[in-house]
Structures are given as C-alpha cells and as structure tokens.
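One chain, chain A, links the two complexes that follow: it is found with chain B in the first and with chain C in the second.
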Partner chain A sequence: MKDKVGIVIVSHSIDVARGTADMVRQMVGDTVPLAYCGGNPEGGLGTDVAKILKAIDEAWSDKGVAILVDLGGAETNSEMAVELLDAERQPKVVICNAPIVEGAVMAATEASGGGSLEDVRRTAEELSPQ
Partner chain B sequence: MKPDLGRLLEGVAARIIAQAEELTALDSAIGDADHGLNMKRGFEAVLADKANILAKPLPEALKAVGMTLVMKVGGASGPLYGTLFLTLGKELPEDPTLADLARALTAAVEAIKARGKADFDNKTMLDVLGPVARHLSDGTATFASVRALAHERAEATVPMKAIKGRASFLGERSIGHMDPGARSSELMITTLCDELEACA
Partner chain C sequence: MTDWTSSSVVIRHKVGLHARPSVKLTQLAKSFASTVQIAGTPEGPWIDAKSIVKVMAMKVKQDSTLYLRARGGDAAAAVTALAGLVERDFDEDKAHAASG
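Up next is the complex of A and B:
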C-alpha cells in the first residue's frame, strides 16, 4: 500500500471528510494510504493545521501525498501545513485544484493503479474548468 | 517609557476578543460567520502562552505569536494573520525603529498577498495593511494619522466587491458590507497606536 500515492481529504466538516473517505474506500478498498480530517481545533466547522499535519503523516507514502480540499480556508491551512513539513517531504505533497468528493475518488483510483503523484494530481484536476 | 511587548500583546488580544461578536457579525453578512470566534480562539491561545512568548526576544516572540495563530485559529485567517506575525518576526530587529517597522510591515503585506493569492482592492485585510505600510514609509506618520487611515481604509472596503475568500461567492451582493478582515486589521493597528502613544 505504501508503494501507492497517499490521499488526504481536508474538509471544513468532519462529516464531509469522513463521507468522502468512505466513498474513496468503496472505490479502492485498502490499496492506497488514506487519511481525512475536518473541523477547527474546537471541533466546530473549520480546518486545523495540526490535524492536517497528522493526516499527512497517516497517509504518508514515499511516492507522495495528494491533498483534496473543499473551501478557501482548507486550502490556505493545507498550504501552511505543507510548508511546516520537513524540507525533504515538502516537494512530495501537492494540493489538488479539484472538487473534494469527485477529486478524491478520481485521485485515489489513479493512485491505486500505481500512478505517480503528478498523474494523480492531473487526474483529479481534469475535473476543474481550465 | 519604552514600549512593553506584554502590554502591546495584551492590548491587541483584549481588543480582538472584546470585538469578536462584531467581527463575527460582519462575517455572517458576507462569509461563514466565524471570523470573530476564530480570532478570539487564536488570541486566547496567545494569552495562555504569554509567559513563554514574552520570555523571548521581540523577533522570536512575534514568530511564536504567528505560529500560535496558525495552529489555533482554525480558518484562513490563521495562516493569514500567522503570516503577518511570522514575517514581522523575521524582518524586525530586537529594538526596531519606525523605519524598521515600515519595512517589516511592507514585507508582511507581500507575504500575505502570496499566502492568500490576493491583491489590493480585493476587499480583504490587505486594503488596510497595505496603505498603512505605505503611510509608515512616507515619513509623515503620526499616531493620529495612522489610526485615521486604518479606519478610513476599513470603511473603504464597504463599497468594494469581494474578489477573494468566501465573500467572493456572493459577487455583487458582497457590496455594502465591511470586510471582517479589514476591520480586524484596523482594530489591531488602532490598538497598537493607542498603546504606543500611551508609552510615548
């Protein structure tokens, strides 16, 4: 499993994050490292850099990790989390510009087929208007 | 009297915490109604860590404030205000002059632009911080003029249409409301002016 790109799902809502992860698991089973997080540090709606760092750690793969986010704060906090990683890990994490649910399922499907981090990102971002 | 970092920090934190409801109300008009709550959570965490923060020299103390905001705010304003304090900490010497402050705030404005992928006139905190940084650099700044400018620029976000952040989803309907981030920036600057003036 660790020879596949990992997927991290970051939503403002833990329910959206968990539900998205369920849909990913239904598609790819346990073939890709997968972690999710949602909610601010107090458990309300929002995102939390510490939780994102933990999720990146859980889904870590030497092939890299692709992060799927929902709204603005999820992206900004994810970017901040990536910058707080070790210098050697940073280049192996990307944030996909894609809708969170569809992007996560597409990205995970590409990852389970053995795609590179760039393949995974490109597949997820095919969903976004150019 | 030399400005005391503890007093400045407590003043800013107290002001943000006191105005949390107003900031949240502004955010409920054009955003997700959490700006005040998030900033309050961040500055309460700063106050809780005050002894540790104040034991450090100014640059390191500012960086510690920035990291606390990054980790505790729980919304985009965490990394954005975190970047403000982290950059000030990186740029300021231990005993800064006004010129140092102008240069450091200018650098922080650029860093916030990059972090938020935003620019001036997007109806954000940058519309207050940018003009204040420029005014600090122009050699005519007084406490009164900085306060007045911060207030005027926050008010000037009312007729703007939001280009960045959650408010941009509203398009034209974002017009007519003050940007909550511009208001929180105004509150911080005004409080810093008040506290520094009291020490002068």
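Up next is the complex of A and C:
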C-alpha cells in the first residue's frame, strides 16, 4: 500500500469523517492508505492537531499524503499539524482545496491508479469552481 | 503515430455511468499504458478515460452508447477490457440484487 499516495480526511465531525472514509473504501477499494479524524479533544465538534498528526502517521506513504478538510479550523489545524512534522516529511504532505467528500473520492481514485502527490491534489482540486 | 483502436458499448447500468462505475472505469483505464479516451458520440468530444473528474462529469445515462478508443502498445487490450467491464455491468450484479 505504501506505493500509493495516502489520504487523510479531517472533519469537524467524526461522523462526517468516518462516513467519508466509508465512501472512499466502498467506491475506490482498499489499495490506498486512508485515515480520518474529527472532533475536538473533548469529543465535541472541532478538530485537533494531535489527532490530525496521528492520522497523517496512519496514512503515511513515501509517495506523500493528501489531506481533505471541511471548514476553516480543519484547514488551519491541518496546516499546524504539517508544520509539526519532521522537516523531511513536510514537503510530502498537501492540503487539498476541494470539497471533503467528493475530493476524497476523486483523490483516492487518482491515488489508486498510482498517481503522484501532485496528480492527486490536482484531481481533487479539479472539482472546485474555477 | 498509429491509429486508434475503437469500440462502442451500450451502458446498461441502472443509473448510467454514475459514481461507482466511473471509479471502476477510470481505475481500469489507468492500468494500461496507452492513451484511453471515451465519448458519448462517435464524433466526440473525446475525454481522457483516466481522469475521474472528467468521466464523472460526462453523466452518461442508461441505455446510451459509450464510445471507446485507445492508442499505444496495449491499446487493443485496453479497449477490450473496458468494453468488457461495461458489458458485465461493472461487476455490480450482486450489489443490484442486494439493493432490490
């Protein structure tokens, strides 16, 4: 699995994150490293840098990891998580500017075909209004 | 440059080329080195069958004909494989039965 770009899903809601991951698994299959997280440390809605770091670890691939986020804090906390990674890992992680559910399915489809990190990001972002 | 290897096949899938079939078609297309394209009419426009976003955006309906063409070393195998996937209804018979 480590020859495919990994996908990380970061939502304010653990249910949204889990549901998105379910869609990726069902539609794309299990050839792509995939991890998800959601909720703040207290279990409410929100995101948590520590959980995001753990998810990046779980989905780690030498080809890189693409993160899909939902609203504001998910993006800023993901950026913070990336900054906390080892210097050699940082350039291998991107945050996609794409809708979380559709972006995750598109990104994972591209990753499953062996696409590079840049291919995966471009595919997810192709969806967004230009 | 060599010529295209072409084929066409009718989409029988209940809801046409929707999300899951699109993913399967794209994944299969990506497994070939050749350029693989699909279209809704023999005149095109031809789109890259390896692009999930473009394939899904085609919104091919049930009972419409999908035109396939490929160019490259494994073009014939690619066209045969893709047409086969569509003819087998994307291998989703079981999923259909389960959903009634």
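The working rule: the second predicted complex is superposed on the first by the 130 of 130 C-alpha atoms of A that agree within 3 Å, B and C clash if a C-alpha of one lies under 4 Å from a C-alpha of the other, contacts with A are read in each partner's own complex, and residues count from 1 in each chain.
Here is the rule we use: contacts are C-beta pairs under 8 Å (C-beta built on N, C-alpha and C of every residue); 3 or more make two chains touch, one makes a residue touch a chain.
Treat the numbers as computed from the prediction; the structure is a model and nothing was measured.
Q: With the two structures overlaid on chain A, would chain B and chain C clash, or do they fit side by side?
A: Superposition result for chain B and chain C: fit.
Q: I want to verify the contact counts: of chain B and chain C, which reaches more residues of chain A?
A: B
Q: Based on the superposed arrangement, let me know which partner A:T123 touches: chain B (first), chain C (second), both, or neither?
A: A:T123 sits against chain C, while chain B stays out of touch.
Q: Write the angle, vertex at the C-alpha centre of chain A, between the C-alpha centres of chain B and chain C, to the nearest 10 degrees.
A: 150
Q: Considering only touches as defined above, state whether A:T109 meets chain B (first), chain C (second), both or neither.
A: Second partner only.
Q: Name the contact category of A:M27: first (chain B only), second (chain C only), both, or neither.
A: second
Q: Tell me, in angstrom, the smallest C-alpha to C-alpha distance between chain B and chain C in the overlaid model?
A: 27 Å.
Q: Once the two structures are superposed, pull the chain A residues common to the chain B and chain C interfaces.
A: Dual-contact residues (chain A): none.
Q: Any idea which chain A residues touch chain B in the complex?
A: It comes out as residues 12, 39-42, 44-50, 71-73, 76-77, 79-80.
Q: Give the list of chain C residues in touch with chain A in this complex.
A: Its residues touching chain A are 19-20, 23, 26-27, 30-31, 50-53.
Q: Where on chain A is chain C touching in the complex?
A: By the definition above, chain A touches chain C via 26-29, 105-106, 109-110, 112-114, 123, 126-127.
Q: Residue numbers of chain B touching chain A in their complex, please.
A: Of all residues in chain B, those touching chain A are 32, 34, 37-38, 41, 70-80, 82, 115-116, 164-166.
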